[in-house]
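Next come two complexes, and both contain chain A; in the first it sits with chain B, in the second with chain C.
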Partner chain A sequence: MSGTVVGAGINRVDGPRKVAGAAPYPSDFNVHHQVHAALVGSTVAAGRVVRIDTAAAEAAPGVIRVLTHLNMPRLERGPMTALGASPPPPMQDDLIRHYGQHLALVVAESPEQAAAAARLVAVEYERTEPLLDVLDPKAPQVIDPWGTDSDRGDTEAALASAEVKVTQTYTTPDNTNSPLGLFATLAIWDRDRLTVHDTTQWPSMVKETLAAVFEVPESSVRVLVPYVGGAFGAGLRAWQHVILTVAAARLIGRPVKLVLTRPQMFSCVGHRPDTVQQVSLAANRSGELTAIDHRTVSSLAMEDDDYEAVSAGSAFAYRCRNVVTRDVQARLNRPAPCSMRAPAEGQGNFALESAMDELAYALAMDPLQLRLRNDTDVDPRSGLPWSSKALRECYQVGAERFGWSSRDPEPGSMRDGDWLIGYGMAGCSYPWYSVPCSARATVSRDGSALVLSAVTDIGTGTYTVMTQVSAEHLGLPLGLVRFDLGDSDMPAAPQAGGSGLTGSLGNAVVDACGRLVRRFAELAAEDGESPLHGVPPEAVTAGGGRVHVKGESSRGESYIDILSRNGLPELSADGSSTPASPEDLGMAPSGAFGAKFVEVRVDRDLGLVRIARVVSAIDGGRILNEKTGRSQIIGATIGGIGQALFEDTVTDPGTGRIANGTFGDYLIPVNADIPDLDVVFVGEPDRFSPIGTKGIGEIGLVGIAAAVANAVRHATGRRVRSLPITIDDLL
Partner chain B sequence: MRADISRGTTVPEVFETVTELTVNGRPSVLSLDTRVTLLDALRDHLGLVGTKKGCDQGACGACTVHVNGKRVLSCLTLAAQCEGRAVTTIEGVARAGAPHPVQEAFVARDGFQCGFCTPGQIMSAIALIDEERAGTDDEIREFMSGNLCRCGAYPNMVAAIREVVSEGNGNAVI
Partner chain C sequence: MRSFEYVRATEVSDAVRLVSARPDAAYLAGGTTQLDLMKDGVLGPGMLVDITRLPLAGTERRGEALHVGALTTMEELAADPTVAERLPLVREALLKGASTQLRNMATIGGNLLQRTRCRYFRDPDVPKCNKRLPGSGCAAVEGVPRMHAVLGANERCIALHASDLAVPLVALDAVVHIQGPTGERRILLRDFYLLASESPDVENHLVHGELITGVEIPLLPAGALSGYLKVRDRMSYEFALTSAAVALVISDGIIHEARIGLGGVGSRPWRALDAERELVGSPPGTEAFRRAARVAVQDAWTLPGTAFKVELAQRCLVRELRTVSGVAA
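Up next, the complex of A and B:
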């Protein structure tokens, strides 16, 4: 195995299809005889449907069926998933739990007919007062929802006796994932067999959910998603619109296609929940942290779950003896939140790293020095050494590239004409996550390989990096290897999410390839005509399209020769990965770490904020592809800039309506908002995972909002504790 | 409290119109509901699904195509308006099987991730070079700002466009 294929910044293998417009996304699929669905959503946030009149819609041209809670079949809720409960089944009763809740599904011959008829559905409501504010004392609370709250030492005493202390409240708003691809579902029943094209990050989960809800065997359900079109967490659930589409297709006996509208993307497929966070930090005069107290309240739907441990990261961010973290969720009449790129850390880190900056000011200490002084080589929760951690190097290399040492600590002191210049920084991490995964590798008689797993490539580069890993471990050139995904009939796999897939999948692919090489070696060992006759399989490796004796590449033979002599069209092997237990390995599994350095420019008179430069120094373990890895960090950095300066899903306080659910109103960064972004990878392959990677899908976002806020403080002297930072905060 | 949120109650009449469209040099005659946009005509009636729908509201640029050589948001354009005009989509920018230089540069510079915005970005980039609005990086950024990319591939797209411009072959094949 040469080892040169992995790590190289090769172009995406799916690139030519994407730039040609030839990569099919769920909304691109059509089948003969299909009909089209359109949704009718609630225009109120709480109450009851008193009357729903579908007569006009039913009489409209092309309309085939209108489903409401009155005629919708009763369905069971889907099973639990690795990320929590399934969404509740749709349109089962007359209760309204949030604005935009599905009240009717109109099915017609054409999309225009369905959309026009949906406007004819008349709903009479009985309204009740909606609970909309995360701090509303009437909102039912879920305390410590995931058992992640932590208590270490005596935080109360440490805060009471602190030499220097900071206590502040930070808030973050709802953000909406807003992938460019509108979520689409095309459901095709063939008697009891179901095929679904669906925008999901997790085909295996959608398959299991649909099988359970529609009471058919899992083997009868196939979920296809070769290309996703973005999702950023919104594709981690079998949403209600998916269930509705599948139900309608079964009732009508024709394939049904539903494509959500952009406004529906704001109310039907999740969002990053808003938070109110109180952080207290205490330190002695030399800058050693003596207490961290981080308490958060975030919003949750009335009848749904969301895994979002906002404060949990503060329990292991720094060396500190006295730590309290507390998470509470408040149930509200708002659409269900879900993971959005860097869930929990995205919000929690903003509060913690803003507070660290405030502490640095209180100590009159350089913010970078404060982080370095409190860095920890062990996981403070368990005392175990991290399986890899190059955060110190992130700080040093990042500061060097950025030119942090030229920062004048005095706020407002650095200027360029009317522009106030600010330098800000933040440290960050994203916790380790890994789940079992499986894959299958096959080499055919023509010498090419196909490796499969039911994962998705949401734009991260899974197609590409897994082709690289497979090529390396099968000893084949890239051009002879295809990695395929996006089909639930392939070996079962977890979600593309939580920065966990590359490790789980990578280890499964390595295992499958290793087993396949061994099968070839075993065949050859038993074969009197093979140069490998009698060679123990463990002494054999792969390279140059052949299996050969380790260290003796001339003694071996090609896959093609072994297959043809044995009269086999192909040979396959299944592989899997299961994460080891931290206790057994005696180390704390590390996620990615990073240091972010940001230069902002703030117009002195107008309060306009521009991002001038960002340096992201990332410890992501082993990077499988320098090019796609860098793109991951750049993309998430831009997401972080959006969180810092633009993104705010506004719920109308009176009605619970989402007031800005379009791309015209919900602002995300555009090209002109973004300068060139510097990314540097540091650190070593991780020791915990055989493949050595640490997920890098989220780490690029974490820390950006705090670094921007800290830079704005440095530029203007103003501390903004509520995201996004807008002009009116600075006037 | 009761509120009657009444929507329309009348059944709209539907008009069909025969439209002759020339897309990527190929003429076709379609009988379409008058409400059908150019975007839906391309995707649903001509099977050209390379052009994407990201909002259907003129706010994201995913549906960008060229009409008579100018970039246009096909979701805001009725198909019937394009009678007698030349429409070019992402499927029509390669020549003789060779990708357009902008397509190649997007691959080489990793100017996309999920790829959903990419056809629209490429159609804008080709037009931008044609419009001679790609003189500086800032100009590229400004005139590419009608095309959203949620994956955040902007700097790589700028690099790709800069590369095509500096090699002077942006207009080579279109």
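Up next, the complex of A and C:
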């Protein structure tokens, strides 16, 4: 194996199709005889449907059927998934749990007819007072929802006797994932066989869910998603609109297509839940942390679940003997939250790393030195050494590239005309996550390879990096390898999410390729005519389109020759990966680590905040493709800037309506808001995972909001503890 | 599906006749506001009269004024040499509005008639909106009004007029040319709009069927100093939190003429005449600028969510007065 294919910053293999407009996204699919659906949402946040009048809609041109809770088939809730319960089945009763809840689905011959008729559905409500505020004492609370709460040492005593202490409350708002691609579902029934084109990050899960809900064999359900127009976590669930579309197609006997509107993208496919976080830090005068206490209340839907352990990361961020973390979720009459890029860490890190900065001021200590002083090589929860951790190197390399040493610690001391200049930084991590995955590798008689797994590429580069991994492990040039995905008929695979896919899938692909090489070696070993006759398979490796004796590349033969002589059209092997147990390996599996350095400029009169520079130093373990890896970090950094300065999904007090559900009103950064972003990868391949990666999908976002807030504090002397940081905070 | 008639007019008189004859008819120019509102179910005209083929595009210098045809696009006007030379504040305001794509479609006449961005007005599911449903109340007042008006606003309506272009135009005493079924008339742009506090549902003095055919912009005197400052959360493609269009004629250390328009604060593009009077006769300086800014917003009507705009608008105006006059902080 050459070892030069993996790691190289090759261009995306799917790039030409994407820029040519030839890559079909879920909303691009159409089939003969299809009809179109439109949703009717509740315009109250809590209560009951007293009457729903569909007569006008049913009489409207082109309308085929209007589904409501009155005529919707009774459905079971989908199965448990690796990320928790399925959403509750839609339109099963008259109860209203949030504004925008699906109350009717109108199916018509054209999308325009369906949308127009949807406006004609008249609903009469019995309203009750909605619970909308995360701190509302009437909101039902879920305590320690995932068993992640931590208790170490005696935090109360350590805080009481602290030499230096910081206690503050930090808040983060709802953010909405806002992928460019509107979520779409096209459901096609053929008797009891179901094909669905769907915007999802997890085809295997959608297949299992639809099979369970519609009571058909899993082998009869096929979910297709070759391209995803972004998702950022919104595609991790089989949402209610998917179930409704599939149900409608079955009832009507024609394929049904539904494309959500942009406002519906704010209420139907999840969002980052808002949080109120209280953080207390204690330290001795030399800056050693003596206590961390991090308590979060975050919002949750009235009848759905969300994995969002906001405080949990504070239990292993620093060396500290006394730690308390608490997570509580408050059930509200708001749309269901779900993962949004860097779920939990995105909010929790803002609070912890803002508090660390406040502690640095209280200690009159450089914020970078404070972090270095409290860095830890072991996981403080278990005491096991991290499988890899180059956070110290992140701090050092990042600070060097940024020029941190030129920072004048005095707030407001660095200026450029009306602009106040601030330097801020934050440390960050994203926890390890890995689940089983499978893949299949095939080499055909022409010597080309096809490698398959039912994963998705949500823009991260999965097509590309897995082509590289496959090529390296099969000893083939990139041009002879195709990696394909996005089809639940392929080998079962987990979600593209949690920064876990590249490791899980990469190890499965390596396993499949290794097994396939071994099959070729076994065929050759048994074959008297092969130069590898009698060579034990474990002594054989692949390279240059051939299998050959390790260290002796001249002794071997090509895939083509082996297949030809055996009269085989192709040879395949299935591979899989299962994460090892930390205890067995005697180390704590590491996620990615990073250090973020930000320069902001704040207009001293107008309160304008501009990001001037960002340096992200990332320990992501082994980087499979330097270019797509860098793009991942850049994209997530922009998301972090959005979180820091712009993104704020506003719920109307009283009505529970989302007040800014359009791209004109919900601000995400535009190009002009983004300076050149410097990304540097440091560290070594991780020891825990055979492929050595750590997953870099989220780490680019984590820490940006805190680094921006810390830079604003340095520029202006003002500490903003509530995101996003806007002009009104700085007047 | 909601259907409507579509007619393409070739003569101004035809267009005016067609729309005047039907109460539910409306003009269609660039469509950048109109079509959005139709898709959202806020507007439902029975007939659209497409005026984009009418001979109303282009600019013409007429003495010390620039006549701008109503169908001139925002990008075209921004590129006009007279505008660049004699009306730099107009050019700046144009280029800070919308996005290039929208500016290539949106017309000057349409820009002046753009509807408020208020999300309570733009969502027909919101039951309270005195602009959409007169007498129903104002949901924005009870909601989240950060992007709303503080001048010419009250509990009946706080809808903001979001045009950037109109801000320098009211300051410059631009004149709107109107063609109606019975003839032509002209009106000062600053008299053209009504206040939301007084008539939420009627936004201007146009009678149904009247068509804006052009805008006449008096040129600034040679040597005038002018500029437009727009303050917003992100760098592009966002409406103003506050903005200021300023033109000053200064000689011998005294301000002889001052023109001030404020954006992002008013239910109509706001002309700050009292602030102008405060400046004329004074030497340019931070103290005079602050006095003028205080006067400019003295009648503000605020809610907790909009109160910050009173301070921000003053700072925005002071900054732009400083910038154009070259007065150091």
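Everything that follows uses one rule, which is that the second predicted complex is superposed on the first by the 731 of 731 C-alpha atoms of A that agree within 3 Å, B and C clash if a C-alpha of one lies under 4 Å from a C-alpha of the other, contacts with A are read in each partner's own complex, and residues count from 1 in each chain.
Here is the rule we go by: a residue touches a chain if its C-beta (ideal position, glycine included) is under 8 Å from a C-beta of that chain, and two chains touch if they have at least 3 such contacts.
Since the model is a prediction, treat every value here as computed from it, not as a measurement.
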Contact-wise, after the overlay, does A:Asp418 reach chain B, chain C, both or neither (first, second, both, neither)? second
Taking the superposition as given, does A:Arg48 touch the first partner, chain B, the second, chain C, both, or neither? neither
Taking the superposition as given, does A:Ala116 touch the first partner, chain B, the second, chain C, both, or neither? both
Figure out whether A:Arg401 sits in contact with chain B (first) or chain C (second), or with both, or with neither. neither
Examine A:Ala672 and indicate which partner it touches, taking first as chain B and second as chain C; both and neither are also allowed. both
Between chain B (first) and chain C (second), which does A:Pro61 come into contact with in this model arrangement: first, second, both, or neither? both
Touch check for A:Arg250: first (chain B), second (chain C), both, or neither? neither
Touching A:Asn660, do we find chain B (first), chain C (second), both, or neither? second
Of the partners chain B and chain C, which touch A:Ser27 in the superposed model: first, second, both, neither? first
Residues of chain A touched: more by chain B or chain C? B
Taking the two structures together, which residues of chain A meet both chain B and chain C? 43, 60-61, 110, 112-113, 116, 119, 662, 664, 669-672
So in the complex, which bits of chain C are touching chain A? 1-2, 41, 117, 119-120, 123-126, 139, 142-144, 146-147, 231, 233-238, 241, 308, 311-312, 315-316, 318-319, 329
Residue ranges of chain A touching chain B (in the complex, touch as defined): 11-12, 14-25, 27-28, 30, 43-44, 50, 56, 59-61, 110-113, 116, 119-127, 178-182, 227-230, 232, 259, 261-262, 458-461, 627-628, 630-632, 634-639, 662-664, 668-672, 674-677
Which stretch or stretches of chain A touch chain C in the complex? 43, 60-62, 110, 112-113, 116-117, 119, 418, 605-608, 610, 645-646, 650, 652-655, 657, 659-660, 662, 664-665, 667, 669-673, 726-728, 731
Per the touch rule above, chain B residues touching chain A in the complex are 1-12, 14, 33, 35-36, 40, 43-44, 47-60, 62, 89-91, 94, 99, 103-104, 106-108, 110, 112-119, 122, 137-138, 140-142, 144-158
